[in-house]
Amino acid sequence: MDSVFLAEIPWPEAERRIAAGAPVFLPLGATEQHGHHMALGVDVVIPTAIAERAARAVGGLVAPTVPYGNRSQPRTGGGPAFAGTLNLTAHTFALIVRDIICELYRQKAHKIVVINGHYENIAPSVEGIELALDHLGRDRVGDLTILRMDHWDLVQPQTIDRIFPDGYPGIELEHASVIETSLMMALRPELVDLSKALHDGPAQFKPYDRYPRPMEEVPPSGVLSMTEGSSAEKGEWLLADCHERIVEIIHVEFGKGKTR
Amino acid sequence: MDSVFLAEIPWPEAERRIAAGAPVFLPLGATEQHGHHMALGVDVVIPTAIAERAARAVGGLVAPTVPYGNRSQPRTGGGPAFAGTLNLTAHTFALIVRDIICELYRQKAHKIVVINGHYENIAPSVEGIELALDHLGRDRVGDLTILRMDHWDLVQPQTIDRIFPDGYPGIELEHASVIETSLMMALRPELVDLSKALHDGPAQFKPYDRYPRPMEEVPPSGVLSMTEGSSAEKGEWLLADCHERIVEIIHVEFGKGKTR
Amino acid sequence: MDSVFLAEIPWPEAERRIAAGAPVFLPLGATEQHGHHMALGVDVVIPTAIAERAARAVGGLVAPTVPYGNRSQPRTGGGPAFAGTLNLTAHTFALIVRDIICELYRQKAHKIVVINGHYENIAPSVEGIELALDHLGRDRVGDLTILRMDHWDLVQPQTIDRIFPDGYPGIELEHASVIETSLMMALRPELVDLSKALHDGPAQFKPYDRYPRPMEEVPPSGVLSMTEGSSAEKGEWLLADCHERIVEIIHVEFGKGKTR
Amino acid sequence: MDSVFLAEIPWPEAERRIAAGAPVFLPLGATEQHGHHMALGVDVVIPTAIAERAARAVGGLVAPTVPYGNRSQPRTGGGPAFAGTLNLTAHTFALIVRDIICELYRQKAHKIVVINGHYENIAPSVEGIELALDHLGRDRVGDLTILRMDHWDLVQPQTIDRIFPDGYPGIELEHASVIETSLMMALRPELVDLSKALHDGPAQFKPYDRYPRPMEEVPPSGVLSMTEGSSAEKGEWLLADCHERIVEIIHVEFGKGKTR
Amino acid sequence: MDSVFLAEIPWPEAERRIAAGAPVFLPLGATEQHGHHMALGVDVVIPTAIAERAARAVGGLVAPTVPYGNRSQPRTGGGPAFAGTLNLTAHTFALIVRDIICELYRQKAHKIVVINGHYENIAPSVEGIELALDHLGRDRVGDLTILRMDHWDLVQPQTIDRIFPDGYPGIELEHASVIETSLMMALRPELVDLSKALHDGPAQFKPYDRYPRPMEEVPPSGVLSMTEGSSAEKGEWLLADCHERIVEIIHVEFGKGKTR
Amino acid sequence: MDSVFLAEIPWPEAERRIAAGAPVFLPLGATEQHGHHMALGVDVVIPTAIAERAARAVGGLVAPTVPYGNRSQPRTGGGPAFAGTLNLTAHTFALIVRDIICELYRQKAHKIVVINGHYENIAPSVEGIELALDHLGRDRVGDLTILRMDHWDLVQPQTIDRIFPDGYPGIELEHASVIETSLMMALRPELVDLSKALHDGPAQFKPYDRYPRPMEEVPPSGVLSMTEGSSAEKGEWLLADCHERIVEIIHVEFGKGKTR
């Protein structure tokens, strides 16, 4: 029971590590279409893996990944029309984050690192943290620090340049595309089958949303940009970037050295 | 990608199976203390495993397990005082169930089986289903059937008698005790270390709840009853009972034969 | 105006008694079918009467009974299909309990005893208390004690044995059956007409819930178990048990002697 | 079991009367200070009694009175500073009304008469009805009629003139004053003790509200206007007016004759 | 940038004035029909103008007017059947007021004056303030004062007598009638066209509400009382009354002299 | 009363135009710091002006601008630390949008164009629209089209290149910077005073959020990027781009020609 996953250790061990100052990582995922070539769990796998590696390096703990995310939107995730995309409302999602943050604080875990892996979770994860602070009382939580990060923001610009020599389409369009595909090839290659990729992108979105009619601009495959050029090697570059950056951030924010 | 887990298949495969009539299992778990001898993820492991086996047998799919449960209470789960017990409020939990049921229905998954593994989830999972029906409109969902079951209710009385020759303490007190320990020994033995069990139970609860002072009646270990006599073999008896019963229920409720 | 009911005394008298340390009882009821032989108000009558007797004995006050309860479910109360069963959602019910607890606390009533009379109220009454504590701030209510009890849990095992010489079906199935019928015969005999009882039970429930189709396992009368053997005398045994136990609990938790 | 109170009849009788077209009355009350000379339950007693008489006359049913009301305000009810005033938030109160209306509709009670007895309930009872209509779907409830009335609006101007020969202070100031005191003397004289009245009114309110400091303009007794001149006879005049008016309204809105 | 409107000054100027003790006015409006002869924005124009004048006189600031109000009701505003009446639910409206009050407090604006211009906003603006106090903690906001006023309550009785020599119909019926029309003629004459007035009032309302059928008692024009006799001069009388009263209230409540 | 603003026309005119097919524009703003050199109302002014011009061109109507926005965040708007930034919670903001959309639909305005002017409103405006569709029933609103656009997305790439010859910092950093400053110089020059600009940017943000400690990376002025090079002329380029694009979008989505 030497795991960094909270789910895999008994409570006295959790208590010991929290008392020793272990940062607690909270990965936020989603169950969402990621093209014909990848499984629906991509947004769970990636932030969980990033959190696991980081927790190992800094003596942290990883709370269970929230496996359902805020509503997928056509311009950033393909939207709800794809089978298997199971959305929560923003309010539900924010309440989950609020409740977990409050519980972690109550249990004296005062170094919290939220690692998000789903674009549409950005806003409601911010809201969930703000609601937790409202709930706990901002003037009464002086010793609490919550860091919230989206894994794609942790990648160095030069890595992006190496991966996209012809130009980066931007993270919104990167859904189920080279970044996520490469990360999955590095982490869970059995959940990727590039031979199934349709290559029907990139999406040419209009600069607005339309409801309730579906956006016909979403490529039929659900891949918003492209999958060509994805590789496990590129996935390792991305993971290395994320990892180095997180470890550096933890040291800057929470003090140097492993806490365990 | 032959998995029964929705998270491990791409969306076209999810679409195909749902169209073919696959029942979708939704396991409901929790992150909660289970004594010194078991990991915090017990309530996630058990209903997920039961759902996986059942889905394999009947051609079903398993949606991601909800890994956070409704507030643990002293008399049924030890309560919030134990490190690592991360509770959701009942309203948040019910909204999660509501949202997922609505999404499954919208995606034409009209045979839904909710498998619960955490005592305090019973009431808010009922509420979540009721809220979903309110939301969808009870008069407009004629083709929807939702079955909700708590795994301990699926065990045959004679199996309980075999496991508890000296009398069954009742499911409320069975927290982290022989049933859950045996199931975990069968499913994930590496998450059980019986040598760590404190044997400080069984709890002698008063017939009422007291707030906000903690209930000193909870045994220090968090085990409400006892762990003695737990074994992987008994875990297999319990799993076999659950499995047979679920398969039978699926056939009765949704028609005969595997759907895949 | 010597009543123990808050509704029957003027505010200065309420103020005086609260200042003198009177525990405040909050009965939680429901408006729900109780068979052909009993009125819809059974779950209001019983906890109100128990609270009244207890308040008289210990110098307490009785706040108005909440007359609408959380959703009746088929396996424990017959469910919503019976005329006159008027359900609240769990969220509404929990908010009522939260609001009243907060108001009592604000008014310096810091000894609160919640007496529940409806099975489906158990979980949302717990939630309402927890929400009140969240709202008030658990670290700021050191002098507050809330006791929450379900009246059937206060009965001694030997009394149950006396009433059910052939074995106790369990409280879930006891809906509108011997316990409630006997209590009503003792308390409000004019609301009971045993000659109308259908004797179509006991219910043979499957070990799971099914939505939205009604559970055809519910006996047509709405009585889940049986009414035979009910008597006012047994009702008095039950009331006496409840009464003794509550008085004892009040003395243990709040100190001995009448407070008035 | 010939009662008009839903709580006092069994479900088959409720079913029979609803099927026969019985209007269902829903009284809305409060637990609120009403001076030194009246009990805290005034706002429950009055609308319940009015509903009972009306139901007897028109073959209706009376659902349980909601005994907790929306927050008392200083300028209309004295405010929360008085012991025993137990307020609900407006949202909770509106949800109660919403839930009950929805349940009545679901049970085919499509003639609903809401009788309000507490000033601050006006707005949230409107909101509760509106929320119920939003919930049920306004275009799908063609056969539903909900009437909402505040009992003081049912009194004839000439009766007001008879009771207040020196001028009517207006309903906001009539809290715990001549109207309510007279009604209580007619209905529940044992809950009135005019010798305890302080005669410290009428309140001279400023034309605005101030928060959170208490309004020192509220007379210490809690009586906003005056009690002098209250009598059971005047109470009977008021009850007679209400009664005639309601019966007339029922006939106009729901058709002539008793429905039973 | 010498404006009193928060929207028209930069943040350092807002900071300076708040630090100097400027009261902050929060006008509450609505978008609601006001007859054939007036624009839909009447309830925004009037409280904004009153707040502006008052803020100029006392060195205050005016926060942006909330331009959407709580649900219009037939008996007080004509109801939702008129085009352009855009209602918020009471809960949404109360949350807006709660959020803004909390933000003003957080920003050290502790003298807050809520000026309401829409009848149906009364109750939910009270609720919004109460929710803010619940949220902030009543025992922690000793230096906060919130005044809440409805502009029509600030008019002197003698002015009402001058304007209505034949008797005042009461504020509920004054919707889109002489008071509001005169105020608009004084403030924004280009938004009034008396030649379009239908003169189909006054409304003869029954003493109860009916849902969901529309109230046919509402005059077709939407004017509940009458417009005859409206004039800019009378509007100035009303504005002068409001102004003098508010300035006096500010001096009484917050100390004398301009704060700027 | 020839205005396009709903607030400036009477209800019969609103009814006429909606019946004639007028699209209704709903501008979404905020009250938020925009540096030393601009007023707090920038996010209200810009989308209102864009909507006004568009409505004039296409025969549309403009509903009142929502003047309070979702919580400002440090990395995109400077955050809550600046005086005058008055935030709503995401839930409140989404409910406002939900309610208004539902009301417009109910009033037969089935061509709705939401024009957003505040970065943090993006997600909750999406959520508000989704909640409205959930509320109305997606299968029952076939004739409803809602377009949602953020004004900065309507600018042509070549215009961005003209304005930012040295490279575009991206919309997140453009807060209170060249785009917004130029737009305000074109629209409301009296609310801009470039001489007050501090030139302390651009912000060098870390790639994550930190709570609750303030982000010291926010430049003291609140300007996230830079103001140099702002001009009314550039503002006109931006407005022209937005205008052309919106008119084109309206024609594509709602059919050609002015509707009035």
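Each chain gets a letter, A, B, C, D, E and F, in the order it is written, and its residues are counted from 1.
Here is the rule we use: a contact is a pair of C-beta atoms (placed from the backbone, for glycine too) under 8 Å apart; a residue touches a chain by one contact, two chains touch by 3 or more.
Since this is a predicted model, take the numbers as computed values, not measurements.
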When subunit A is superposed on subunit F by its C-alpha atoms, the rotation angle in degrees, nearest 5: 180
Counterpart interface for D-E, drawn from A-B, A-F or E-F and sharing over half of its contact pairs: A-F
Classification of the subunit E:subunit F interface as same or different, half of numbers criterion: same
Most widely separated chain from subunit F, with each centre as the mean of CA atoms: C
Whole-Å gap separating subunit C and subunit D, where each centre is the average of the chain's CA atoms: 26
Centre-to-centre distance between subunit F and subunit B (centres being mean Cα positions), rounded to whole Å: 46
Two or more partner chains touched - positions in subunit F: 89, 91, 134, 137
Complex contacts: residues of subunit D adjacent to subunit C: 1, 3, 5-12, 14-15, 18, 31, 33-41, 44, 63-68, 80, 82-89, 91-92, 95-96, 98-100, 103-104, 106-107, 190-191, 193, 196, 222
Interface residues, subunit F side, partner subunit A - complex: 70-71, 73, 89-91, 94, 120, 122-124, 126-127, 129-131, 133-134, 138, 141, 144-149, 153-154, 206-213, 245, 249, 253
